Every structure is written in C-alpha cells, then in structure tokens.
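First subunit A sits with subunit B, and in the next complex the same chain sits with subunit C.
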Partner chain A sequence: MKTDAIIIGTELDGLIAAIRLREHGYSVRMIGNGGGSLHYAPEGIHVLGFSPRNDEEIICEPLAIISQLDQSHPYRKVGIDQIRNALDWFVNISGEIHQKITISGHNELAVSATGLSIPVYGTSEHQATVGKIGGKTAALVRFRGYRDFPVELVAIELGKTGTKTEIVDVVAPGDAVENAALAKAFDELEETDSYFTALKDSIPSYADVMLFPAVMGLSNFHRTLASAERVLGMPCLEVPTLPPSVPGMRLERALTNYLRNGTASLHSCSGISGSSFETDRIVVWDDMGRQYEASLVIVSNGGVLMGGLDVDSYGVVHETSFGFKTYQSEPLKPTTVGRSLNALHITGVETDDALRPQRNGSGFCRNAFVTGRTLPHWNPAMECSTEGVCVATGWAAAENAHEYLESLNVA
Partner chain B sequence: MLHSGVFIGIDHGSANVLGSMDQCTKCGICNAHCPVAAVTREFPGPKYCGPQAQRFRLAGSVPEWSPMLCSGCGVCTSVCPNNVAISDIITLAKADIVGGGDRISLGQRLLNRPDLIGRLGGKFPTLTNTLLGSSIVRRIVESLFGIHRSAPLPEVHGRKFRKWLASHDQENGPIVSYFSGCAIENYDPDVGIALVRLLNHLGYKVQVPTDRCCSLPMLSSGETGPARARVQALVDALHPSVLTGQKIISTSTSCSLTLRAKYAAYLDMTDDKSGEVASAVVDACEFLLDGHAGRLRKCLNAMPLRVLYHGPCQLRGHKMGTPAVELMQLIPEINLQLSQADCCGIGGTYGYEKNKHDIALAVGASLVEQVRQFEPDIIVCDSETCRWNIEARTSVECVHPVQLLMRAIDGRG
Partner chain C sequence: MPQVDHNPRAIVIGGGATGCAVARDLALRGFGVTLVEFGDLGSGTSSRFHGMLQSGARYAVSDTDYAAECMRERLIVADLAAGVVEQTGGLFVSLPDDPPEFSDRFYDGCLSANIPVEELDPDLVMAREPAISRHVLRAFSVPDATVQSWRLVNLLADDVRRRGGEILTRHQVIGMKVRNGRMCGVRVTSAAGEVTLEADVVLNAAGPWSARVAAMVGRTVDLELSKGSIIALSHRMVSHAVNRCRPPTSHDIIVPTGTVGLFGATSEVVGDPDTTNVRGQEIQELLNNAEVLLPEVRNYRVYRAWAGVRPLFKPKGWPSEKPVPRRHSVINHGDDGLVGFFTVCGGSLTTHRSMAEDLGNQVCLSLGFDAKCISAITPLTRGKNGHGWRPADNYRGIEEDRCYQSLVCECEAVTQSEVIDLIENHGIKHIHDLRRRLRIGFGPCQGTFCGSRVAALIARYHPDFASNDDLGRFWVERLKGIVHTAWGQQARQALLSDTVYRETLGVRLKPELATSADYR
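Our next item is the complex of A and B:
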C-alpha cells in the first residue's frame, strides 16, 4: 500500500502538513501513536510570546523580531515569508472547518487556566483576553463538582489586571466532573436556551461579561455559546482549564475529520516497529507488522513530551522512528533535568534549512522532513510559541516535500 | 533494515500488559475520550480504573467492581501517549473479580456462548425467532437471566451459511481461509456469503476450516477459565491452514482482534503456534485493499446512495486505519459520511445486560443523532453486534463493507 507521503505522528504540525499535501494532490498516510499534544493546547495561536533569550521580556510584534532569533531556531529555517503564508493559510482553513481566528498583527493577552496573562497572536471569538474583559465586571462560572478549573485563583489573578469578578455557582448539565465529559454533556444538551434561562437569575445584574471554563462543548460549542450570549445578553467567553484541553481537542477533531473526509488514511495509535530507508523509497512497519511504503516521510511525533524522542539511561536522546541524528545541549539525566527543563525542550532532530534530517553520518536526507516539537533549538514552554512553530514548520515541510515530489515527477 | 518482525500477539503476555501501568503519567487524555465515563459517574474512567487502581490490586486490596462497567471499547489504549495497555489492564482486572468465571451470572454465561445459543436455537429457527420476538418472553428472559428486554438480539438462521457453502461451486485459484466465527455461522450468514462471492470474483478459492467461536465474550467479561480449552481447540483447528501459508480472513473486526492480540494478553498464550495463527489473521477489508484495489475499481458499479460508515471500536486496536473507507471510496457516485461517534454503545455483549443497557444507550446517543440528521440510505459497520445494535436503534439497514462492495459489483445500488 504505497502513498506519496507517510507522516509519523498526529501532532498539529503533522496534521497541517497532511492537509497541505492533500491540497497539492498527494496521497498521505498518517501513523500516529496516541493522543497528540493538542490535548495540552489552550485556545489561540501562540506565535512568540516571550523572548527566547529572556523569558521576562514580553514580545509585542512577534513577526517583527523573527530575524533577531538565533539562526538555528525553527522560525529562522522556515523564514518570515513562509511563516506569514503558513499563518494566513491556517487562519483561512480554521475559518472554513473550525472557527474564526483573528490576527491583529500584534500579541493580545489571553487569560490562562490560572488567570495569568499570556501573549497570544491569534485569538478566537469566545476566547477570554485582557482586551475583552479589562476594566469590566465578570461573572465567573463555577460548575458544581467540577474540579479542573481553579476558579478562585483565576479570580485573584484577574483582579490584578483590573477585572472585577463575581464567582457564580452553577449546576452543569449531566453529572460529569471532567473537562471532556462536561463538554460532551453540553453538546448533547437539547434545550440550550432554557438551560441558560434557568441560570439567568443567579447572575449578578451588574456583570457585563460571562466567563465560562473552556468546556462548553466539543463539536457544538458554537451553538452553545451563541445561545448563552443570546439568552444572557452579554459576551460569553471561555477561560482555558487544566489539561486535557477541550479547545485543543476541538481543533484536533476538526483537522482529523477534515482529513478523514478528504480521503487521507489515518492510522491512529500505530507505533513504528521498524523502517527501511533508501534514497527514493521509504518502508515502515507498524507494531502489528504491517508494511507501508512511501516516497517520503514527515516526522511530527511530538518530541520528548509525546514519546517521539527517547532518552536512554546515559541521558542520550534518540529519535525513535528512524534513528535520525539529534541535538542536545547536555546529557538528560534525571538529576540534572529538574534543574534545567530548558535542556529537555531544546533537544530534537538536527536539520538543514529545508527541515531535512541526517542519518548515521551520511548527508541530509532528501526524502525526510522534521517538524514541530521534534525540532531542536526552541523552547515551547518558555517562548510561548507552540502553535506558531507547529503551523509554520508543518506547512514548510509540506511545501518542501511538494518540491521534492515534483522533482521526482520531472525526473 | 531495522525491522524486528515481531508481532504483537507473540510478545505481549499479561505481564507486559500489567507492567505498562508504570508508564502512566496521569495526563488524563484517556478519561477525556472514554465514552462510558462521559455518561455515568458509576464508572470512574480508565485512568483510575486501569493503571491507578492496578497498583492497589497488586497489593491484594479488596477488589472493587468498577472494571465491570468498562465496555472494552479500547479508545483509552488508542489515545494513550505513553503506550499503557489501559483497556487490557481493566479486562484482566475483570477476570480477577469474577475469579476467572467462577463468580459470573447465568445471563452473562449464556451471552458468553453465542455459538451454543445459535446452535440450539438454529435447530428450530422459526420457533426461536418467534419466541424471542415476543415481548412477554423477553420480559421472562430479562428477569431470569438479566438480559435486557430491548437488547438487540439477532435472529438465528440455522446453518444457512454452511448449507450455502456446501452447494456453492468455486473455481480453482489461490486458496484463502475464512474464519467465519459464530456470528456468520448462526446469525449473519449474508456477510459470509458476500465475502466468499467477492473473493471468488477476485479469483480466490475460499475454504472455511472451522465454525468455532473466538470466545471474545468470555474473555472480555472475565470468564477466562472455560475460555482456555475452547481457544486452544480453535488455534489447533486454524493452524494447519496457516502452515500451508494461507492468510486467515475475518469479516469480524472483534473476532480478528481477539485472534491477533488477545489470547496472548489475557491467556498468556505466547507459544509459537498461537503466534503463527495470530500473525496469519487479517481483516477482510485490509486484505481486499492490499493489492486488489485496482481490480475492484474496475468492477464496481455506481451506487448513488447516502452511506454512513461507523468504524467499530476494535479498528483502533487493529491499528490499521479505516480500510473499509478506502474501499468504499472506490465506488463511483457514493455519498459517504463518516460517523463522529467513538462507540455505538453496545460493546459486544455489554449493552445486553440489564444493568448496563441504559449506559449503552447513552453512549450510542450521538451516533443515533447523526443518523437522524444525515438520513442515510444504508449504514456500514465491520462488526456484527454493532450492526445489530445500530439497526435496532435507527431502523436503517446496516451491512458489512463487503456486502456493500458486492452489491456494487452486482449493480444493486
């Protein structure tokens, strides 16, 4: 069963690459091992929130400082033009298949799961940002029995940014107590209007914005939030919760459904047990012994966080699918990693500017590309740049793969 | 080449299953995807019920009953970023709770023997179907055996598939084995007939080495004691075909997953013979897609129908993607929509039990809703209990992918 491309991993970057390759007309097979790191992603497109050199320096215009980043940073490899193209493309596709994303050219401050202000480049309609709630009085919803949202902490932190909050106790539909279960209960709520009407009396009359934990539905959240705004007569926004993140799951759902219906093959939960790597042909075996062949491979398996990179007992980092050459700043021993999480983040598969990795001392592969968290020299946690890097590198890898596949056709 | 060539069936005994609990990082992604935990608080979710509670079970604590509420759909295992065999851990816990079958209800014992029921009922199919179609009888069955009165019991068909096969002429060609299983032999003969005709069409000669049951209902409800001898007899019956190099094709994703991976996980059958049988088993759609897509494309007639495909839960355990979808996309003019539901709710024999029926209904609600909105002409699903459940709940005909393909070949769109 041969396809043009095999994508290892179902991370955001891999999904982006797959959709882009499908748009170019190529056949794609995705082989992913488990739930992707979108389960940890709050709402919004974080492009670059803090300076990689000084994590206390908030970045206002991320695209303006790309050229000042180190040469090895993934953004420098992709280049500013491709980053712009990738983000524009992503905003478009998100608008078509998921939700509208607004990009104003500078970072907004989004409210985090603990109420802190986090710089974010692209925001969605119902995402709580300091710009939308600053100076207002917010009714902050606490669902009875639900644990994954530290309401009091959010209230305290919002107070520091000038938002007054009043905590409102509310009974959620169903009897769920966890993020996704609660979201599904909202999806299945038939009479959303009457649910919010019943809630109306408990909301203080002086509130001018509603803040819900971001669990207002997995697939029907548009409907539910629109109903809430209609009935309650004020903006209804969502604040991220502790993981697993419902907004991240929504995005993953939207992208995978779009791919599935677009005839890509998705093999969720297959690991790679082996591979044969030749210059014009790649064969991989999954962990059930099935064999798949492709002209090229894109590795988007989520780095150390999602098991795409493994650390051995000597503290040496290995790429688990193909044995690509990796970069690390120091041995990753349990005793030292605790002191410097940065070392864990900035490790990854070393590539050239076209995101192509190296194998066993040979040159850079022509038919392999690496994306997202599997790339080294960036720290998603510190920079607050996860979605930006994933979208940019996933898109760039697909463009570079397109160029390579075209060269094969010409030959 | 790095390829190790080791199949999952060979090196994944119960010790590996239980050992995987230490890889759990408590990320909670499994709980977020569990269809049962989403509808009932009785079930604490796979994270607590699986790797977390397993530590206490190892320490010999008093067993608690929550594993019995797991439907075994396996979505937890498939979304785990750290390869914890969550669903298998829970299933092994079930076997401990019921003492390998010593403490299991009479109703569950009956449900665990679909081959026996089918054979007994199949002696007088009309009588059996009339009786089981009567609401009074179903009430009595419910109170005696705890099998819910509106659970989707299939009709029995006697030995229709066997009889058809005996009178069916096949031309010579490469031989493949078909593992029909108890469902085709007793309840759903048309799927077997469609597969044999389809394979004949592609030039294969089909032999059916055994009519034994794979014993999945026993294994998934913890009745491992009686299952062992049955499973060994099945492996013995299939092995001669495997020795001649034949693939063993299955039209049931649940039977084939059991054959491929579960004898090792639940019964520690990690010997060479079981491993060889496990490695030879292949899903019908996967077999058809691999190397036959080109030929199929040429003989499929247009089928301008609205088709909803629901991939059964076991597809995730097979890790093979959705070969049925790739096959159906070869049919011209088909209007194919994919199910958004994680699970139809029935969970094999799970939703048949009186005390779990409501949970099963709630789990399957989103699928029923999608059917209501899409209004398909036909629903396609690879697993038999799912098909019976979906058909009973939606009143829309539900067939196996090979049946749809065969209809497209026959031009019966």
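Our next item is the complex of A and C:
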C-alpha cells in the first residue's frame, strides 16, 4: 500500500516529522531498526549550550544567538520563527504524552552523570539541575552492585559548587544492576511506599533533596518518584547515567506509542537494501525484501553516529540508501582530536534551505527531506544542541513536506 | 683498580624494560638500587611497539650476531617470564613483491644465527592463515613470540622491590650531582617536592630520552630517533606473527597480541623523543602496505593508531645511507672524564636483559666490585597482580566467581575487584596507570564506558584526587588514537565516545590537558 510519506530511521527528528505529518492528515510509514540515538541522550531538550565558535563559552539564551550561527547551520535553514513554533509545539506534545518539558526561555544547568553542569533549554519535572539543588544537602543514592552511575564523581563535583552531599547505599528492587533492569524493577514494584519507607532510616536527617540515578522506571516513573517524594518528604530528582539512557528511552517509547495510536505504521528492519527514485514516487526495499512505496521520503537515519552514513577508509562519506550527495570539504583526514571529531560531526547530506537533498548528477529533490544528525554543518556534542536541532528540523521537514503534498493535490 | 668494600648504591634513570632490567640485574648483584621514572613504568617505547619477542630472524641477513643474541634472549625471557609470553611462532612469507633471492639468504642467515627455521609448503601456510595474501611463494617458520610488555616491566619492577630496591615513578630528574669528576647522585622532583638522591653510580637507561639525560652533564649520546607508527586491528587476524620475507624495512609485519592484531610499523627519523603523533598520511601508507599482506584490511575495523620512538644507537662515523644497527651499546662516560656515569642505548625489548647484563658487567668492573650476573638464572616470581592477559583466562575466572555484573571494562573483561586491588593496595591514582596494568580501554569502545566507572572507583578511595580532570585526560588520550582510524564502525565509535563524554558525562574536550608529560 502506498503512503504519503516514508520516514527512514527511528530518531527523534523522524518521530517529530511523523507526528507532525499525521497531524496534517497524511499517512506515514516509519522504517528503521529501532533503538535510535535517544538511547544515548540524557534527559532534557538541549537547544544550544555552547557557542560553536568557542566551546568554553556557555550560552544563556540560545534563541537569541541563532542569527549569529553560520548560514549553513540547520537552525539557520529552519529559521528562528519555525524553531520557536517547533519548540512550542513540542512542549505541548510532551505534556500530552506525559513527558512534560518546561521551557523558561533561558538555559538551565543540568547535573551531568559526573556532576558537571550541562546547559539545557527544556527540563523535565524530576531532572536534577543546579537551580533545584544549589545550596541544599543532597542524599546521593548508590545502588549496590550498579556500575553505570559514577556517584563518587557526582559527589565531588557538587561539593565544589556548594551542594553538600552524602552517599547513601541502597539495594535496588530485585537487586537489579543494569539500567533497563533497574527501570523494569521499579516499574514492577508493587509496594513503592513500603520500599521507600524501608529506605528512610538510612537517609541522613539533614538531607533536603534526594538524587537518584535516572533509572526510576520506564513507564511508571511518575508513580515511583511521587511515592518517593511522599514517603521521604523531600524532592526526589534524577541524575543521568551512562547509556542506555532511561529518560531517552521513555521519550522514544512515548513518542512511538503516540504515533502508533495515531495509526502510523512502524516497520522494523536493520537497513535499506535499495530504492527507486522518481519525481512523484519513491520505492524503498528493506533488507528483508519488503517493498514500501510513497510520494516522498524523509531521511532521519542518524548520520554517521547511527550508521546512516558510511565513512570509508579513504575518509570519503557515503549516503548509500539513496545516493544523496554528501558534504565534506575534502576527504576526512585525522588532524588534532578536536578537528577530527568536528569533521566527523559536521559531515552529512547537503541540502537546500528547505532541507531537500541533491542526488548525484541532478538538482535538489522535490520529494525528499533530510533531518537531524543526517544534516551537515552542526556539531551536536560540541554545541550541546542535539534535541533542539532534531525537533526543529523534524518539524520543518514535515511542514515542507506538507507544502509539497498540497501542491500535488492542487495539480 | 678501586675496590669497594661496601655494597654500592646505583641510581637507574628510566623505567622502561631496559631500566627495570638494569635495576634488577644490579639488585641481584647486591647493589642498593633506586630507579627513577619520569611517568609511569613502561609508558615510553616499551609499550609503544608491536609486542614481538623476536627470534632474531628479522635480522638474520642484515646482522647475524644481533639475530643470534635475540634468539638466546628470546629463550631466556620466555623461560623467566612465561606468564607474559605467548609462543605464537612466526612466519616469514615471500610475496611476488619481495625480492626472490632474499629467501635463500634468509634461510642461511637463520641457520648461522642458530635460529630454528623450517621451510613450509605455501599452500599449507595459506590454509593456516586465511587472512593473508593468496600469493605466498615461499614460507618459513621461526620461533617468534609475543610479550605483554607492561606486564613484563611490572614483573621486573616487582622483583626489584622484593630485593630491597626502590622504584620512584612520576619522579623527574632535574639535575645531577658531580664531585671531583665523579657522579655522586641526582636531583629529582615529584609531587612531594625536590630531593637529592646519593649513589656511587648513575645509569642512564632513558631510551629515546637518554641523550637529554646525558646532556644535563654535558655529555652526548649519538642516538638516531626513529618513530614507528602502528595500527591495532579489531581481531588477531593471524595466529602467527607474520613477516614479509624481505630486508627489514617498514610496514611488513602483523603481530597477534592480546585481543588484537598489530600491523606496523612505519619508520621516520625524528628530532624529539616526545614525537608520538601519527600523521594522517602515515595511516594511508600503512593501509596501502597492509593490503599487500592482508588483502581485506580496509574492510577491517581498526581500533586506533599510535607511535613509539626507537632509540637506535648510531656509532660515530656511521655511513648515512646504511641502516643504523639494532645492537645496543654501553657508554662509560668515565672515558670522557665523568666517572660513575653510564648510558645504555640501542637494542630492543627482546634483548633488554642482555643489555642490562652488559651494563652491569661494566659497572662492576669500573667499581672493582666482584659480583656475577645472575639475572638469566634467577626466576622472576609472578607478581601479585595476576590479571591474565588472555581474554579466556579472565572469562574463566568470571564464570567461576559469577561476577558478570562487576565488570568495569567489558571489552577486556576487567573486574571491579582487580581495579580496587590496584587502587587500594598499590596506590594507583591515575586511570592511565590502571589502563596499562589491566588493559582498561584497549577494546572496541576505547574507554567510552569504562573511563567514568574507573574514575568513580578511584574517587571512592582518593576523594581529593581530581577525577574529572583525570577522566578528561584519559578520554583525550584514547581519542588521539581513534581519530586516526575513524572509518566504518570506528567512525561511529568515535562519535559515540564524543556523545557520551560531552553530552552525558559533561566532560569538555580539552586536548591541552593530555599533552602534559605525565601522559606521554
């Protein structure tokens, strides 16, 4: 069956584009191998934390400096008005899917997995930030046998910024010791109140905030954290852990379910084996031999990080599914660490301002759009801008696709 | 000839394989020994080579005497330190690009050097080594082996400590004490401050840095510093160390060691012993050459690249077109007016013990101290840190203890208790030092996941220690190697590492931190 759109990849940007296209009433099919880069993303919406020109400089008001970015940066292609629309829209969606994000108009400082500060634009309710814990005395939870939360580093760093900490040793339900297993154990815990009551004695009386590793459940974390706050009588916040990120998985799952309820179809495969590209019709074959047909395609396959783009041993970057033209000033050549990583980040599929790629030997496609990490000219790790760019470009691609599909109907 | 009536005191400068062997040799002869190392033990050339314990076959044609020395020493080392030596065996294969007449000279050279050599059927060799070229014309087997050099260096150092010697790491020599034309001590600096150490003799075994050490007292050592770059393939790829059968030059050998296969090495004369940066061009050069021996190499995952500097001794008046000999040399600076100061240089890891023996003999002679070398016949007791280096050893232990969850480094199967033992009982405070001892961060993820786990364990025992800075240095040092081989899956790994460190851990990339001498 032909759909209006095919979306390649299950990244945040693809999910955003799919939901937005569904809102416009189009039929959407997502194909990808699941497990997108949200599994590596700590909690919160990072819009622009550091200046791309000087990564030592923390940015307070990201939207105010979008206009200072290079013309080729995805934010410049989307434009400030669309970025605002996309973020406002995302805040609404986040409430609907019970992953409420709050935006205050400037960056907060989130507590990282080692206790360092990371600028973040949109925060969720239980996310630990410097603003919420500054000047307080925090009880830091260390689950027995759990190795993916470097709690001793968090204690040292928070100590430097004036937050007193006390590490509390705790046994997790079922003695679970891995992120997903811990989240599942908390989700399945029947008597949360009695679990936290048993914990109460080991928490020093002078503590006025609890910091848990961000593994307090995948689907029931609201209930679990509310129970903890009620029993312990203080705010209970989460600090990111090493990947896989449970908060990232929560968001991915909530968006996916929301999309499923909206009757979009999601197909799992491990890759694209071929495609045929015509001006008004795109056919894609997955590596299990299934064929999908649509009027347009949105490529949100996660770029080099997620294997959507290949780098060969000569340093040449390839987009293999459709043969889109990639951006690289010259073959990637190792130089300094910073420059080499930057070259890997900023490569991608070159597009026009409407996020439309070029196929080799022809002009910009009318019926293909590229989003997120697949786009060139931005460095998510350095800028700390991953979710912001994904939301903005996913939303913009859907809007541009909507315009294209409307033009088809008119014709 | 002076006769000493007390047990002499010696200071050894340099904590690589040579320095540790010198310290052990002298300790066994009854010397009081203090070894001074600028960084961590084995952090220089000793750990930056391809890990071969040479049979000497490589030099059988160009330098038969040296080849014979390698063969003798190779047997002794494998006997003394069996736990850190893997008897892989070596193959020399002649490919269509290699000079055909060299094979017969190679065979004869091995015989003259007492290296057991056997010609094999090329078809049999290609069947045994499926990854290598299908165009093997002739093939020879020799008793090459591989050695875990960090473990060897630490075994030697432990032996020195057990015999009353002192090992001072992260101590830098900043000056020498000379009295009446006689060396009588060195001045060192460390985190604890400056101190002068007294001794009867000072022995310079600082490898590529030995010319700098000698220059402190106005003496010259004619070194040729030759940088060699190496790439680490994700699998061992071959079961023997496989060499090209041709005059020894650059990029002609793959060595299976630990969990990886090392291909190398380039060869480039450099001026600065700290030149351990790899150039992008060298990688393509390595790959182009590797493709001849390993046709599919561009499709393999390569974890990282690094370089080490060979300290070759270039005798005065040596013709510039002739390759510098590999054999070591002992310089008695007493011959040019500074009694009690010696330099040992050249040689290789394989001959570290005989270098120490040679130096020890000359030191004893100059002091009139009558003590024979017993380093070849005194067993090296296995150290306390019994971390096996074959992955299977560790997995067996983990199965027995059922401690899957306590793995700190999944790639190299390092458990939490091994890390805690080194931190608690051996005073280790740097992630890098744990890395060298336990192979943490050596595997596919190159420290992406284990770095912060290890930093947290260090912080548990040393809360005053700046762990996030140390973590940043460890990360940058790992990245230095990965960015050179960032294609295919390793390109994704480089970005994943960047994503985890910057977006989740909040560590900012500060390459300047990792250029500090501690992490050379």
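Structure notes:
Assume the second predicted complex is superposed on the first by the 400 of 411 C-alpha atoms of A that agree within 3 Å, B and C clash if a C-alpha of one lies under 4 Å from a C-alpha of the other, contacts with A are read in each partner's own complex, and residues count from 1 in each chain.
Heads up, the rule we're going with is that contacts are C-beta pairs under 8 Å (C-beta built on N, C-alpha and C of every residue); 3 or more make two chains touch, one makes a residue touch a chain.
Just so you know, these numbers come straight off a predicted model, no measurement behind them.
Partners subunit B and subunit C, once the complexes are superposed on subunit A, both fit on it without clashing.
Within the superposed three-chain model, A:Pro243 lies in touch with subunit B and with subunit C [touch as defined at top]. Within the superposed three-chain model, A:Ser104 lies out of touch with both subunit B and subunit C [touch as defined at top]. One geometric descriptor of the composite model is the angle centred on subunit A: between the Cα centres of subunit B and subunit C it reads 90 degrees, in steps of 10. Contact with subunit C, but none with subunit B, is seen for A:Leu344 once the two complexes are overlaid on the shared chain. In the superposition on chain A, A:His39 makes contact with subunit B only, not with subunit C. In the superposed model, A:Ile156 makes contact with subunit C only, not with subunit B. Applying the stated contact rule after C-alpha superposition, one finds that A:Ser112 touches subunit C and leaves subunit B untouched.
In the superposed model, A:Asn257 lies in contact with subunit B only, and not with subunit C. Touch criterion not met for A:Ser194: it reaches neither subunit B nor subunit C.
Looking at the shared chain after the overlay, A:Ser202 reaches neither subunit B nor subunit C.
The minimum CA-CA separation between subunit B and subunit C in the overlaid arrangement is 6 Å, rounded to the whole angstrom. Subunit A residues in contact with subunit B (one complex) as well as with subunit C (other complex) are 37, 177-178, 243, 306-307. On the side of subunit C, the complex with subunit A involves touching residues 278, 280, 283-284, 287, 298, 405-408, 416, 449, 452-453, 455-457, 459-460, 463, 467-468, 471, 476, 479-480, 483-484, 486-488, 491-492, 494-496, 498-509, 511.
Contact residues of subunit B toward subunit A in the complex are 1-8, 27-29, 31-33, 37-39, 41, 45, 77-83, 260, 279, 289-290, 316, 318-322, 325-326, 329, 337-338, 340, 365-366, 369.
Touching subunit C in their complex are the following residues of subunit A: 37, 40-42, 46, 55-56, 112-118, 145, 147-148, 150-153, 155-157, 177-178, 240-243, 245, 304-307, 310-315, 332-338, 340-341, 344-345, 380-382, 384, 386. The part of subunit A that touches subunit B in the complex is made up of residues 1, 29, 33-37, 39, 174-181, 184-185, 187-188, 219, 243-244, 249, 257, 260-261, 263, 265-271, 273-276, 285-290, 302, 306-307, 323.
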